[in-house]
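Per-chain residue numbering starts at 1, and chain names A, B, C, D, E and F are given in the order in which the chains are listed.
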Amino acid sequence: MSTTTLRRYVSQLGHNEQVSQVFLASDKQLRPNRNGNLYLQLQLSDRSGAIATRLWNASENDYKAFENGDYVLVDGATQLFQGNMQMIANSIRRARQDEVHEADFIILQSDEIDRMARRLAEILRSIRTPELRNLVECFMMDAGFMAKFAACPAGMKNHHAYKGGLLEHVVGLMELVLVVAPRYPQLDQDKLLVGAFLHDASKTDELTYDRDIAYTDEGQLLGHMVMAMTLIDEKVREAERLSGEQFSKALVTEIKHMVISHHGEYEYGSAKLPMTLEAVALHHLDNLDAKLASFTQLMADCPNVESNWTQYHANLGRKLYKGARIEERGTSEH
Amino acid sequence: MSTTTLRRYVSQLGHNEQVSQVFLASDKQLRPNRNGNLYLQLQLSDRSGAIATRLWNASENDYKAFENGDYVLVDGATQLFQGNMQMIANSIRRARQDEVHEADFIILQSDEIDRMARRLAEILRSIRTPELRNLVECFMMDAGFMAKFAACPAGMKNHHAYKGGLLEHVVGLMELVLVVAPRYPQLDQDKLLVGAFLHDASKTDELTYDRDIAYTDEGQLLGHMVMAMTLIDEKVREAERLSGEQFSKALVTEIKHMVISHHGEYEYGSAKLPMTLEAVALHHLDNLDAKLASFTQLMADCPNVESNWTQYHANLGRKLYKGARIEERGTSEH
Amino acid sequence: MSTTTLRRYVSQLGHNEQVSQVFLASDKQLRPNRNGNLYLQLQLSDRSGAIATRLWNASENDYKAFENGDYVLVDGATQLFQGNMQMIANSIRRARQDEVHEADFIILQSDEIDRMARRLAEILRSIRTPELRNLVECFMMDAGFMAKFAACPAGMKNHHAYKGGLLEHVVGLMELVLVVAPRYPQLDQDKLLVGAFLHDASKTDELTYDRDIAYTDEGQLLGHMVMAMTLIDEKVREAERLSGEQFSKALVTEIKHMVISHHGEYEYGSAKLPMTLEAVALHHLDNLDAKLASFTQLMADCPNVESNWTQYHANLGRKLYKGARIEERGTSEH
Amino acid sequence: MSTTTLRRYVSQLGHNEQVSQVFLASDKQLRPNRNGNLYLQLQLSDRSGAIATRLWNASENDYKAFENGDYVLVDGATQLFQGNMQMIANSIRRARQDEVHEADFIILQSDEIDRMARRLAEILRSIRTPELRNLVECFMMDAGFMAKFAACPAGMKNHHAYKGGLLEHVVGLMELVLVVAPRYPQLDQDKLLVGAFLHDASKTDELTYDRDIAYTDEGQLLGHMVMAMTLIDEKVREAERLSGEQFSKALVTEIKHMVISHHGEYEYGSAKLPMTLEAVALHHLDNLDAKLASFTQLMADCPNVESNWTQYHANLGRKLYKGARIEERGTSEH
Amino acid sequence: MSTTTLRRYVSQLGHNEQVSQVFLASDKQLRPNRNGNLYLQLQLSDRSGAIATRLWNASENDYKAFENGDYVLVDGATQLFQGNMQMIANSIRRARQDEVHEADFIILQSDEIDRMARRLAEILRSIRTPELRNLVECFMMDAGFMAKFAACPAGMKNHHAYKGGLLEHVVGLMELVLVVAPRYPQLDQDKLLVGAFLHDASKTDELTYDRDIAYTDEGQLLGHMVMAMTLIDEKVREAERLSGEQFSKALVTEIKHMVISHHGEYEYGSAKLPMTLEAVALHHLDNLDAKLASFTQLMADCPNVESNWTQYHANLGRKLYKGARIEERGTSEH
Amino acid sequence: MSTTTLRRYVSQLGHNEQVSQVFLASDKQLRPNRNGNLYLQLQLSDRSGAIATRLWNASENDYKAFENGDYVLVDGATQLFQGNMQMIANSIRRARQDEVHEADFIILQSDEIDRMARRLAEILRSIRTPELRNLVECFMMDAGFMAKFAACPAGMKNHHAYKGGLLEHVVGLMELVLVVAPRYPQLDQDKLLVGAFLHDASKTDELTYDRDIAYTDEGQLLGHMVMAMTLIDEKVREAERLSGEQFSKALVTEIKHMVISHHGEYEYGSAKLPMTLEAVALHHLDNLDAKLASFTQLMADCPNVESNWTQYHANLGRKLYKGARIEERGTSEH
């Protein structure tokens, strides 16, 4: 992309814009139209969103010119079709490496992820309760786990649903713990930090996120809360091996309880309701961080730019009020 | 108890009966009445139920004459008080061993439990899928687990809430599987048998049942469904050690899924809804066996002997219709 | 269909297959496209499912060449369009009788239905309670009712939603009763058999099923559970006329109670919750049979052949896990 | 009762009142107190309510001096005990007929019931649709049914729960129909009148109300809405017999639909939701009349005379605001 | 429109009708089809409904030939497309004033609105309680408020969702009060009239309705029930200023309570449940009027003219039964 | 109280303790027992709780010796009765002023309240948005309001249900805002502070709390959320008067929206769901503070001192796990 032209992010595209820039390609299909002519259909995306795209009168060669997952340079124009923006491409070719600006395609840059990973380690090392400290060390020593933890999204949708999203959510939550727990002396901050660290930890195995985000079979059949039981058991055994001492059974139970109860209500898949002060605090802080992230993103992604309101979100049972203040993620920091 | 007089079971006692027989004592308290005179209050029970009892004008000596958990010989008379039957005792003394007929105080006799334990082993050995067979062998080889499994009740209340109740429920359920599964060729009978065997297995640690039935802390904070994850993981590791082969991860996941989903609905603490055919079948068969046991017991325990209806059960949202047909447990087999 | 070519069932068709075989036609419409040219749109089906079909550049003659409900021979090719398979036909003509293999178009063959009807009669004759035996005889003597009973589907969708489905479901349920009831001596097997026989009996009038399956006005306004009251009253009057004796009013009430409570919960239209042991048992057994049939069919009908999971079913609140084991109905038995 | 002394109704009694007047006796029991002395416990009631009563140091003779259901003359004094008013009787004897003023013991006087029965007949005769007119004639010709209809309460509790209450509720509802239906030309007033007449008609068999109000077995197992199907079928057959013509099946279905859907929601036992205009209107008008009657009675019965609020009613989820305006039933008309 | 040809209302249009008459235009868009040719897409409506319309091969001139909100004369033909009726226009031009028959485009004619406004004033003047009379005078003296009250719809959808709908609903409700209240002497008719008048009064500011009906920001964030608190406070202050006397605080509270509780259940946004007799009566009468209006309109608007049933309405959880009796609004009065 | 004897707080009293110290008296009643002898019944309380008390063989003089609300010196002994602790007093007399240690009877000391009031003012003055600053100034200038704000409890029960509890909850919540808001740049901290300040502000008029805590009529009929609309309107008018400028209507609406939506769900009486980021944040932070306060208090008040668990709390649907760590409020700070 030329240094003189600013990129138009997908979320910025309006009706009838001429576009000539790099996108990430996926979901390509060669299909016949009703007159039997072939066209190429695909998704083009950058970090701000995705747009359905068609190349009319396409050939087998057009189809083979690139792979899903490739960066492609696209010439085309946008068009509002049945309420959604789509792109009609005139040409699509694989982009040269020097045409690609990687930062346009990831929401969290690698240095941001590194910074958050260091912050996570720093906070975990602030834990003073010996057994809990040993336990988190066992997690930190597991390089494979930590790598997945840093790469994993926090979910399929709703909030932090992108690579690094889990780390971002967890660090954010632990920062909250650090400022909130001191205000409630009845809370055990160390337990709460461990709960925040581990509450979603098995999302690393509940989801696949090499390319797309999806559930694993195990993730779908058991869920990350139940899967975390096995993960915690493993690390507790390791902590016992390293320390040569029995880990307190009551403490393991409290940690597991924070994890399996953190959704707060049976209807959200909590096997138990929160029954300890730390479990209650974790549930509410997690909810606060997740809802703020989710609502902010829904406002930012909202295509009704001229309205004070987002569309109606059936799962929330409401529209959200953007006021005149919210700016789109993805672009405001560029 | 004299061989000529038939015992009157607690559930058979009516207003104004003279009683002179052995009971199990519990919950004794020495208390002052409103005039400052002391009286002894306690529970007397046998296998058919319990009755509140008072000994007026009691002394410290009366209080110390026996311990909770002792068999005591009681002379007294029954009285309807505020809708409940109570007993006014004239004398209470520790019973001699020859006065006690143990079978009057347990719901499941030890030979019944033995017979069911043998039947459980027999059914488990009918499993033909090698991995599942190895897994259940690991459970059967664990004598401590099997002993707890045979002693454990199936719950605090509702159904099979007495020693041996878990075994009775599980064997009953597996017998159902043996007759029902052949009618549905799409079901994997071996998986379903393992599911039936393990679905409540961690009740052995969720509950304490040496004397009274109660929840353990772990049981209350995690619940038997979540606790079973650790139990299954342990036995899978053992099965791998014995066989020298990796246990199929997908198979472990399916077994765990049956366990954590067997309550069928989120509101009953299922972390997941049943998503496999075996999980669905297990949920419905478990429900059938549990509900029939529970309703039968509620009808049998119902004190309104002259009515066609039990009292209103708020948790069920209904009364039950006994018709003219139901007879009381505890006595019909004597 | 030629003896040498195996039929490709609708559920087996993939993208870009050439097809030349017989289908059942329905929903034909002659419509203009956006350029004003006419095309013919219709549904083609066999026993494994249905596929939307278009014949471009069609004429009035093409439209009149066959009727809805006719068997037609179609030449064409399949195409994936917006995630669904559709067929582009090159020609459609009415099929000759010798080209049609009737068994390809019905889920339950007439000999299967006959066999089930005989089995139903056999089980009903096993009833020993005189009044109940008389009552079921009155139903069996009503040839019109029995014919409808054998032809009726068990519902509009969900489970057994095809001709003969009611009979298949009811016989399956009664077979369950025969193996399950003996395990619970507190159950009256005869009552339970009558409950299983009659619980959905008024579906014969709740639905129409000569061609399509639909609700009658009465079915929609009253429902089969309420409609069954009238049906049972009629047969009880007849039983009284034949026997010359008054039918036990309490027994009629228990039978009606099983029928109106068998959905188990108010939210599923049960006017009462199950209050007798037989009503509880019927509810759970019915649920077991219906859910297994429904889940099995959803797995079999699932078009995502390459996935371990069915699509998300909103009414069930979940996806189903097919594993690697399930094969499609409609073809596995051919 | 002397002509110079005004009766103190049960609902008017305060703490520490001397009482010497006639009550209706029920629930008598001779019981020992904690010192072994006998006392007589019973309920005394009049049309305004009931009061628990004790006669200390009672003998077998006191117990036998009257029967439950007798009118008794009581000397005693009232006392507030644990928040409820009770009476300590000094003497209780059977009342002479000339001491009893029957009107003090029934909520609806017989001339009121007669007047309402005549009004019911008058309204029913205003129906002009021939088939509906014939149908209601068949009900009116059934003297046994009409007698039960005039005697039956409208329920066990909630609203109009006294003899004649059903008639009072139904006539009140039909009067509402007469003034409301003309405002909605889309409503068929005749259908709506029949719906109002029959919606609770099988309460005549759902309840027993000779002495106490209770459910019959059939009432509990089927409910009045389902039971009405049989009642309507009977009268339709009779109407056909009398007129020699087939009754419109669609019309019967609409009438039945109004009956089985009039509770409006599945959770209140409606087998179907209202789907016709008349069914919707009937549901809302019935609700209006029932709720106003129920709230008015709760306000009138409220023992907190000095508060603006009734107690909290858990089934309503609220207290009711009486303001300063409501006067107690039972006494205001005396 | 010619005096000799009767208008075909939108709701009357069937497949393949030739149309040449005046409509109201909205939502016009000029869009390219898949071949790049432009077409004009718009909505055409009259008082009976709206129809999607396309003009193929349109030009920029066609697009500019009229504005949204203009009356246009359209020549075209109707077509059933994917289950919905659409129109293919051959020509569209702005209509001359003499071609427009205004009454075809509004549901409530201005003389109807005037008549209802006079009736509203008449009923309000029948209020005899001095404070309430003063209060309603303050509303009536506010010409701006009364003008909005007469123009406002009663909602976005569901019932009375057209200009003047609020007035129609409120007057209808007050007429109900006038006939129903006298039947319940425990009701204060004046309070109930004021409640009926004000219950939806802040819809005048919750909605905008100059052109389309939409929510204001304030309406969406607070809702008309909460907004009414401010409105009532204003008028109470004014009433106090005019009368020179303090308005009864308890009375204001009762009026506000009727308003904020009139939806009857928390789940419908009632901040409180109805706790006074008038609040209960208002809730049920409002519900009756609203549901009858809504169901009647759903039946009238139902496009399945040949069926006894409307389509399934998910928000109602049911289809509605039209029977053979309902005729379409919009046309029956022409 | 003597300096040498430590007070035994009500929450510390066990079975059979001799007590001679000062309590606050309330609810005194002179009542006859079953033998006609009079006794005095009353409540004795201090800041840690209340205990039911009886003085046997009391006279009219005993009754008149003190008033409800007096401090009394009591000699007596404790006794466990039906699971609850009660006190049998030997003598009760009005306490001399020098015997009373006021701090034993209030949960929040006046200097604590003063300190919190100063902190509230300090935080409010940190608000920088001019309009919001003006608005909160108008509240702070209203000495009557601020006095009530400092005295008011936060509710009838659940959390902070004591004098000064509202202030404690609000300041605690605003402190949370000060540490949490900076972590979410998308939040407007000033709006959120105002929301926290005002969300429960009308509890000052919803409740009475001079002696006991109770609802006002207005509080019960409207609730503090709705009542706050009037309060905010008043202060906005005042702010406009003072500043001579129109207050932003959009801003008032956002503030009101935070207030009426802060319960988060319709079922908790929220008239609207939170639709702005600040409303969402307020809801979750309020919930966090309230739940931690409530759970901590339930654990502290729990009379099962020897158990790890509190009793079952039906409104929470669970027991709470105290672990071995929680100490009783009331005493830990003495």
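The rule is simple: contacts are C-beta pairs under 8 Å (C-beta built on N, C-alpha and C of every residue); 3 or more make two chains touch, one makes a residue touch a chain.
Note that the structure is a prediction, hence the values are computed from the model and not measured.
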item: Third chains touching both chain D and chain C; value: B, E
item: D-E compared against D-F, more contacting pairs; value: D-E
item: Distance from the mean Cα position of chain F to that of chain E, given in whole angstrom; value: 46
item: Approximate Å spacing (C-alpha centroids) for the pair chain B, chain F; value: 44
item: Between chain A and chain F, centroid-to-centroid distance (C-alpha), Å; value: 41
item: Residues of chain F engaged with two or more neighbouring chains; value: 217, 220-221, 250, 254, 257, 275-276, 319, 321
item: Listing of all chain pairs that touch each other, if any do; value: A-B, A-C, A-E, A-F, B-C, B-D, B-F, C-D, C-E, D-E, D-F, E-F
item: Chain D residues touching chain E - in the complex, by the definition given at the top; value: 172, 175-176, 179-180, 183-184, 186-188, 250, 254, 257, 273, 275-277, 280-281, 284-285, 287-288, 291-292, 295-296, 299, 316-321, 323, 325-326
item: Residue numbers on chain B that touch chain A, as the complex places them; value: 217-218, 220-223, 225-226, 229-230, 233, 249-250, 253-254, 256-257, 260, 266-272, 275-276
item: Complex interface listing, chain A residues touching chain E; value: 33, 56, 79-81, 308-309, 319, 321
item: Chain E partner contacts - residues on chain C that touch it in the complex; value: 31-32, 34, 217, 220-221
